[in-house]
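Here the chain labels run A, B, C and D in written order, and each chain numbers its own residues starting at 1.
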Amino acid sequence: MSEAKDFLTTKTGTLLEQESEDRFWLNMGPQHPSTHGVFRILLETEGEVVKNVKPIIGYLHRGVEKISENREWMGALPLTDRMDYLGAMSNNMALTLPVEKLMEIDVPRRAQWLRVLALETNRLASHLLFYGTLGLDLGALTPFFFAFRQREIAQYLLELLSGQRITFNYIRYGGVRGDITPQIEREFRNFISGFKPAFKEMWDLVEGNEIFRSRVIGVGKSDSDLLIRYGVTGPILRATGVKRDLRKDIPYAAYDEFDFNVVTHDKGDTYSRWICRYHEMGESLKIIEQCLDGMPDGPYIKKMPFFFKPPQGEIYSAIDTPRGDLGVYIVSDGSRFPYRIRYRAPSFCNLSVLPELLYGQLIGDVIAILGSFDPVFGEVDR
Amino acid sequence: MKILNWRVRNVPVGKITVLLFGIAFFLFIAWQAWAFTDYWSFEPVFDSIRNAFLDLRKNFGGPGQMPMGLYNTIILTLKLLGVLVVLLLVGAYSTYVERKILAFMQDRLGPTRVGPRGILQPIADGLKLLQKECIVPLGADANFHYLAPVICFIPALMGAVLIPFGKGMIPVDLNVGILYFFALGAFGELGIFLAAWGSNNKYSAIAGFRAVAQLVSYEIPMAFAIMSVVLLSGSLKISDIINAQVDGLTAHGGLGFPIWFIVPQFLGFLIFFLSAVAETNRTPFDLAEAESELVSGFHTEYTGLRWAFFFLAEYVNIFIGAAIIATMYLGGYAGPELPFLGITLSSVFWFCFKVFLIFFIIVWLRGTLPRLRVDQLMMTCWKRLIPISMANFLLTGIFVFANTVRLTPQLWTVHLENSAYTSIAALVGILVLMFGLAWYFARDLMKPLKERET
Amino acid sequence: MLHDKKLFLKKLESFFDEYGELRGQLIFIVDRSKVLECLSLLKNDKDLDFDMLHDLTCNQKKKGLELIYQMHSTKNSYWITIKSLIPSESLIAPSVTPLFAAADWHEREAFDMFGLKFNDHPDLRRILLPDDWEGFPLNKEYPLGGFKDIKPIWAYEEAEDLQNLPERDLLDSPIMKPEKKKKKLKIIKEDE
Amino acid sequence: MNVQLETITNISMIFAIVMFIILMLFAFVVIRSSATGIKGGLRLVLEKFLRNFEQNDTLEYPGNDRVMSHRWRGRFVQMIDEKGRMRCDACQLCAQACPDNLIEVLPEGKGRDKRPRVYTLNYAACHNCGFCVDICPSDAIRFSRDFETATYDRTDAFSHNDNESLVFNLEDLVAFESSVYPELFDASSPGDVADSLGYFKQKNIFQADTYEGYEPMDEDALKIVEETVHENEEKDYEIPEIDE
């Protein structure tokens, strides 16, 4: 194995040297089936036990912030779809929110409700993917297909609304792109009635399973202090018992008009994260149902010019995406082009705590913990 | 460009090696079978062939009799060739069956494109793999890299000579039958470890460590489960084990009534089944080729035909494992005679049915369960399976011993008269101690997992 | 947002040079020498209780870089913004990693994108871009296409052109020459 | 037979059987504590197997194509009006709205007869944001439901000559295939598909003054475009001040 050691260099080309004879560096990624994209972790292992962790990111860096500065405000919107490509709706929402604040646009109520509908459907689809991929990471194939069968329908619904399956570009400044029609509403109701038994099945398939439980319970334990210090948000923080959800705390869109619970769990391990995301799906379903039942009348968009010029100023605002807080910081110099757009990506902050949690775990657990973080590397690298 | 420069060998060294090993394998099998065989099970068939030969000689008026050695070699080669073809087909088609079963379990269709309902898919896969380039990674130990798939594949094929396909259809009925199967299982590990070492890949290396630890550990409960069955049947020979289940009679008397060993040996069956799943690297014990952790483990660096050898070996091993389970616990080819089929064909049918049942359960587990972690895998073996299998073995021993004494008291009178109570007391003491210890260590295991502190 | 403006003004009186409010968001401008002190007050004061560094980024101004901290309180759910102007003559700022572990990657990103250096940062390397990248892309003088003239892929119309793509000689690049850095074999971090 | 021996054998038989039962119980407890939850999953998977053995909802893709929804944002096509003329009057708005500058329009003619002479769409680099169709004031371009736009070679996608090319010119974009999706291209078609048509009719989601700056469509239109592009490059960044 002497030659293989030479290949293990960081992005700089700095050689990694093992500390003792018993250890070696294991390079996981950027091409690896379970790193959820192009993530690279260098693990110094002693047998199977991880003793040192070096995460390396940036393999999917496309310079979204730089490109956004060279486009009109409207043109920056479809770029956000490409960041968190599993929860693209919330990325659209995150950018429209500060711009609307800055321009003081009153978004019609129906538009806000449609936004909530789209956001929650997207959250459902995103968590369904998490459900499937965590199963894959643990070596079970079937949960993935169970989840994808439902996710496919959710994507279809979003396609009916927005016209695309993943990169929606649906939530626009001032409202949404298209209205909901009776036909689409019917499809939504069909989905809900079909989803409920499938949702129960997904629980039965995985939750009671002793092997699954022993793989996730107590693995990657974290406490809320550590996570807050690292700026970790979303279901991962909620899994440590912190009841914090921006949908409740600082309601955007029309979330203050809906009745839903913030799901928390107390252990802070992989199992808790799984439970949190699973029950969040149920809450999303509740919100979708309320949306369909009480959709208000009115216009679905407040018309505004394509090439608009927001006033000078800067705004920081954040929303709750399926992965955590997506903060957007915009600076406008009063021209047609944004002066600066900064995305505070939730996966980016969540991943930074990874070395703390991985120390002393087994290689199999590394995969499980990474899977429970549910990172999206389009968002980490931007 | 050092890092991208794979050393690709276009010289068909690999194929030649494989061919040579193939020939060596045949010679080896032939010699082995010749040396250890008691009688030919395909007696009527081969009698007719021999008669044909004899007729031929008569017709041509050749001198003297055909030498028996030559005759035996020809017959044996024919038999083994048949087994080989059957086995390769089974190996290829069990992938198809598995893919279909898994697909239906997972709400999809599986292969549908090649042939009607995708029935020709394995053949297309095989042809594709044949054309692929065999790549040896830079820095790999090329010789071991070539050798490993062959070493994996040969024991798998060698195990096939034991399988009782039907009544009177055991290719080679060795008198050490089940021990031979066990020895081959140990042989296969060598191939896996060589592949892991020869690939010069850290994932493969870890997989190698895992595989050796796992396979060596799981052989112990497996051996105990096998030995319990052997105690009951009184023989290592495959045909004897089946007969003991069919008519209840063994060399030392037997139970006296026909019963499949799954009933008295239910625990043994469970243990053997789990160990067989572990030995063949299947979910939930597929740690050595963990797709999501180790990027398919020991065969990460293999391509083309060499990879296909691993693949075939895995499926052939599953087939053999299922066949051995069916033989030892489910009465082998025993079963009621079906209408229109005759005794031989219905026995073949029953054997295939039982093997398929076991195979289906293995696939079913794969469709449901996640993978264990390394420490849990070892714990399952050493803390659960081995104690239980040992206790099972001991109790079977006592039972069989008592049964034998009951059947043939005159043989035992002398030995037992004086020390009977002492030995019984000692046995009870040992057992109580053992159970106490087991209970003490297993308290943790008996709690429901929810209460356990993990 | 529930924040009490007067409370902030009172507590932070000794730190900020000026403050502003835009659409309900408080912004304090703090000298860079006081940033660490200010953030530690915000973190440790029980009335304020800003336990999370929500975001850290930069913004280019004419005089230099503006370092922006978005402080967040998880219990009270509000944000305030702390800004500090780093003159372009000396692009150095204090690292707040000891206070907030979240600052680690954010500061690395700020260094990566703007070239702002942080004192006492444990591991200041580029994070998103390769380590041998030239320039700091989010600065306004950095062109959108980069300094190097890279042809977009559709500029190569024929397959032969694709074959003859200008090849980066990996052996000559620092990636394949670890010998140069043999002195620092043991560490991953490099002092930039 | 020796009575004593018989007793011994009987005792040991009974002992062995009893211990067997105890062992079974023990194993049962161990199994129950560690593998009960598996039961539900196994049953579920078997049910799925038996159900899917008979019927399955999966579409076999090449052959059974999925119909995309009415709002599907595929490659757009140029609409033709009742007189058989193109609706597009080369106003350049789509080219302006395209964030990636993938649309190139060169006009020809004057006044009402103004039509595009060259209209190119570089679909290979398009990311389907849909702004071009949204902004069009004369409903001259609409999305098709074409989604199979893969090519075998990367270079094919960008070349201007190849059949598989994703660089579309005017002839490619004109909706001559209106028979494929008649409801999509017939402005007066009623019925359930009104969903899509309703969407297209009320798709003018931008304010009217969006179009004001671009109303006069002279030959100078190109100059205006160039100027705006220069404006982009030379724009002066003013530092925003904070409100007091």
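By definition in this document, a residue touches a chain if its C-beta (ideal position, glycine included) is under 8 Å from a C-beta of that chain, and two chains touch if they have at least 3 such contacts.
Keep in mind the model is a prediction, meaning the values are calculated, not measured.
Among the other chains, the CA centroid farthest from that of chain D is the one of B.
Closest to the protein's overall CA centre, chain by chain, comes A.
If you average the CA atoms of chain A and of chain C, the two centres end up 23 Å from each other.
Centroids of chain B and chain C (each the mean of its C-alpha atoms) stand 60 Å apart. Spacing of chain B relative to chain D, judged by their CA centroids, is 49 angstrom. Remark: chain A and chain D have CA centroids separated by 20 Å (rounded to whole angstrom). Within chain B, contacts with two or more other chains are made by residues 3, 105-108, 367-369, 449. Multi-chain contact residues of chain D, defined as those touching 2 or more other chains: 34, 36, 38, 41, 45, 237, 239, 242-243. Across the assembly, chain C contributes 22, 27, 176 as residues in contact with two or more other chains. Within the complex, the chain D residues that touch chain B are 1-2, 4-6, 8-13, 15-17, 19-20, 22-24, 26-27, 29-31, 33-34, 36, 38, 41-42, 45-46, 48-49, 52-53, 56-58, 60.
Note for the complex: chain A touches chain D at residues 70-72, 74-75, 77-79, 82, 142, 156, 159-164, 167, 169, 172, 175, 177-179, 181, 183-184, 201, 204-213, 301, 303-307, 312-314, 331-335, 337, 339. Against chain D, the residues of chain B that register as touching in their complex are 101, 103-109, 112, 266-267, 270, 364-365, 367-369, 384, 388, 391-392, 395-396, 398-399, 401-403, 405-406, 409, 412-413, 416-417, 420-421, 424, 427-428, 431, 435, 438, 442, 445-449. The touching residues of chain A, when paired with chain C in their complex, are 6, 9-17, 54, 57-58, 61, 63, 65-67, 70, 101-102, 104, 228-231, 242, 244, 246, 249-250, 313-316, 318, 325, 327, 329, 331, 339-340, 342, 344, 348-349, 351-353, 381-382. Put simply, chain A touches chain B in their complex at residues 1, 3-4, 7, 24, 26-27, 32-34, 47-48, 135-142, 144-146, 149, 205, 209-215, 217-218, 362-365, 367.
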